[in-house]
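Below, subunit A partners subunit B and then partners subunit C, in two separate complexes.
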Partner chain A sequence: MRVLMMALLGAALLISGCTRVQYGDATATETVTVDFGSTDLQMIASQMVDDLMTFPPVVQLTAQRRPVAFVDRVQNRTVEHIDTESVTDSIRAKLIQSGKFRFVDMTVVERVRQQMDFQTQSGMVDPATAVTMGRQIGAEFMIYGALTSIVKRDSSTKDVYYKFTLNMMNLETGIIEWSSEKEIRKTRSRSLFGL
Partner chain B sequence: MKRYALLWTLLVTALLAGCAMNPDTTLSEEDRAVLRYDSASLDGAFELLEVNRATSGDIVRAQVHLRNKSSFSVDYQYKFRWYDRNGFEIAPEGEPWRPQRASGKAEVRLQAVAPNAAVARFELWLREE
Partner chain C sequence: MLFRFPLLLAATLLTGCATNSLFNPYPNQAADWKQAAAAGQPEAAFSRLAKGTEGGDRLLYLQERARVAQITDLPAESQQTFSQIITLYDAQDEQARVRLSSAGGGLGALMVNDNALPYRGYEYERIAVHGLQAMNYWQQGDIEGAAVEFRRVTLEQQVAEQRHEQEIGRAEEEAAGAPTMDDFDSQFAGLNTAAATVRSSIQNPYFYYLAGVFREGTGNYNDALVDFKKAYEIMPEMPLLQADIERVSTLQRGRRGSDGTGQVVIAYEQGYIPPRQEISLPIPTIHGYFAVSFPTYGTDMVVPRPLQASAGGKSAQSAVITRFDGMAARALKEQIPAMLVRQTLRAAAKYGAQKKANDELGLLGALTTQIYNLVSERADLRSWLTLPANAQIARLTLPPGTHALALSGLGGSANVEIPVTQGGTTLVRVIDTGQLHITVMPVLEER
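Up next, the complex of A and B:
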């Protein structure tokens, strides 16, 4: 019995000894599977922002001022579960970092309202320091889009094609001022012996 | 007649010399410093042909024209790094490594846009796939 316990303990030590945790480069190319991954997200965000910032009418628009926009959702029309908000978060962050656009965030409106109600109605906040209601700036542009995919496979190959489309609409006129697409093709081939 | 022959010879020599000129000689010191390798195995695998810079408003756009020196395809990754006038790297995590394949002897033009108006110079980094 004691021998068995020792053997089990030894095995457990050996197994735990094999576990290793290390940090990696978050911007490295990720090719673990053909599913939508971090490299796809980063390439899409980078391409969209590059395209938007160099589109001549947008260059003209942002030359003297920083227009206010908001990001609507990006429809996920693929068969995968993809957090498309993560893509738009990256695009918004890059655009803010560029110094060309300002954003309002529609996802926190309710929490902002609660805080403003607290400041103006609770009686606990010095009215001189409370924020004034009705002073928020309205967005001029809405950014929205869609992610689609086509998947083809046979016994040895899986081919995935992603297309990300992003549009920027002028809310007053309804005109789509800018639109861009980014395509990604990924193929996984299984070798003869499945290695 | 002899004079014409001499002129023709001179002209042909000049033309041949022009064709044989290494494109690298037309690159400035600043251009040559653009191309960097992150993998020793890829070092010198590409010939730098041209570096283009342009601006859209106050945002720098970059294009680097390369040629695969090998007759075989090369799988590689590239990334532009951007620096301000004081040498600080801007948004170091902002650019992903992009996978790419260059066929044998193929020419590729890699483009990118600076993350903001503070960019003063850039580098193109290549590494093995």
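Up next, the complex of A and C:
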């Protein structure tokens, strides 16, 4: 009887134990579920950038100059709500870091316009320091892509296959200068016993 | 002494679950928020649901909450609640197949009744969660989000179909020896009739149709064609589908239907799904017959009534595409064999307790046990009750511009201004709870 009481007490202690916060490695492999996660994002971004930077025509292209590109969007064609903009943000950041490409950003055009209007029309900014309208550089390349998935599931396993496609198009000629695909496959088996 | 413990345990179990449906049948509780939703008072409904959304049956109460929010035109609220539900369903998939904690619930259920088991939802409900969630995203103009949910609808139906086939086979094996439904034909007459109105408890042509409309509207003709064909496969008597398939096939071949008109689709969700009722069946045990309660559906199903719609000199009448009431009945019917097995076990357990009480506890103890057995014998009447009884579709082809759409259905008449664009798709969603709740979705234009 006493043993039982002790066991119960022990269990109670375990349950009431306080929570703990820890810092972890942001690049550590995350395998909580098979859903799209941080590891997938990092894998896709770094592999895509490596692929682009080592592609011979691109190496040649960026040898003398830093072409201007913009990231269009990556279509989410999966069964999850994934922030694909976060993937393209990572890719863009890495490309800029490489020093080979320069980027313009379409998503902030409205706010830029507001600031320019303020500088030129509000009368509060010294015209000598105001930026001149119509001097922005046009992008030469457009980067766009899609993320698709195939999910198979039964009572004991779940298999997810992701395919990320990214293309870089020359806006003037319409030619896709570079394209690459990254695949990820994850499988989860359910345990037989558990709480 | 040994006998007192189970009684104590049972008493604790019972009082512990006082907030759920053990003693207050679920349909009685649901009447409150159904009424509040119909009257357009979401706050009243939410406060009534608040307690339940934290208990063991929170999946069920959250489903009600999300749907109430949708009926009362709070798409953001509804979307947030539905995401919570989707997380719960996904967590169910992740759970170990044999669970310690659910074995505990099973023990309680063996002594008390099925109401003591945590609510896990039905396949048709899970599919409806994704379908209705898609509408939330669509209404808020999040096209990519809606597309994700529509894909999820397809995925869940596939998974459910497959699991279903396996489970039915297994249930039939387990049920060997227990009484079967055929033994209680007359008692289950209502259930059988209702279940016969649909072909599947899983495949939901309404959501296929909405997905088709959505995908056609966004220019994905391949996917739209598949959706309309799937809907046609399940519901060939639906008169609009053939024309839909024809139109989308033409579009798919690259020929524009550029006659300068726009499509108006009216999605009509009528009434509330009927609550389950309780019947008592004599279950044979080794000790003789024992009266046991079962859930069933009555014979008084809501008969679908069409919605009349007219605008710009044209008029249309809606046609039934999905009987949610039939799907619920069919889902229940498929569970009855397993229930019969459980109830036979339960009847034996309760008989055992009664016999022991008679022998050992004297008159008072026996009486207490008798009362306990009577009171605890309640059928499991839980199911998502704010779903519509049926869904219907009507279509109008109108020239571009703003039109006054006149609607007249069971819940009254209404006029609503709708935008129509050339080659665009305007979805008007009408939820009829005795009142018409009308939402005009953002117009879809091919991109």
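We adopt the following convention: the second predicted complex is superposed on the first by the 176 of 195 C-alpha atoms of A that agree within 3 Å, B and C clash if a C-alpha of one lies under 4 Å from a C-alpha of the other, contacts with A are read in each partner's own complex, and residues count from 1 in each chain.
We adopt the following convention: contacts are C-beta pairs under 8 Å (C-beta built on N, C-alpha and C of every residue); 3 or more make two chains touch, one makes a residue touch a chain.
Source: prediction; values computed, not measured.
Peer 1: Could you tell me whether subunit B and subunit C fit or clash when both sit on subunit A in the superposition?
Peer 2: Because the two structures are overlaid on the shared chain, the partners are seen to fit without clashing.
Peer 1: With the two complexes superposed on chain A, say which partner A:T78 touches: subunit B (first), subunit C (second), both, or neither.
Peer 2: In the superposed model, A:T78 contacts subunit C only, not subunit B.
Peer 1: For A:S191, decide between first (touching subunit B), second (touching subunit C), both and neither.
Peer 2: second
Peer 1: Is A:T33 in contact with subunit B, with subunit C, with both, or with neither (first, second, both, neither)?
Peer 2: Only subunit C; A:T33 stays clear of subunit B.
Peer 1: Of the two partner chains, subunit B (first) and subunit C (second), which one does A:D50 touch, if any: first, second, both, or neither?
Peer 2: first
Peer 1: Tell me which partner A:V151 touches in the superposition: subunit B (first), subunit C (second), both or neither.
Peer 2: Second partner only.
Peer 1: A:Y23 in the overlay: touching subunit B, subunit C, both, or neither? Say first, second, both or neither.
Peer 2: So A:Y23 meets neither subunit B nor subunit C here.
Peer 1: Please give the nearest C-alpha separation between subunit B and subunit C in the three-chain superposition, to the whole Å.
Peer 2: Nearest C-alpha atoms of the two chains are 21 Å apart.
Peer 1: Okay, in this complex, where on subunit A does subunit C touch?
Peer 2: Within the complex, subunit A contacts subunit C at residues 33, 75-81, 151, 153-156, 158, 188, 190-195.
Peer 1: With touch defined as at the start, can you tell me which subunit A residues reach subunit B in the complex?
Peer 2: Subunit A reaches subunit B through residues 25-29, 31, 38-39, 42-43, 46, 49-50, 53-54, 56, 59-60, 62-63, 94, 97-99.
Peer 1: What residues of subunit C sit close enough to touch subunit A in their complex?
Peer 2: Its residues touching subunit A are 90, 93-101, 144-145, 147-148, 151-152, 155, 159, 162-163, 166.
Peer 1: Enumerate the contact residues on subunit B facing subunit A in the complex.
Peer 2: Going by the criterion above, the answer is residues 56-57, 59, 61, 77, 79, 91, 93-99, 112-113, 115-117, 129.
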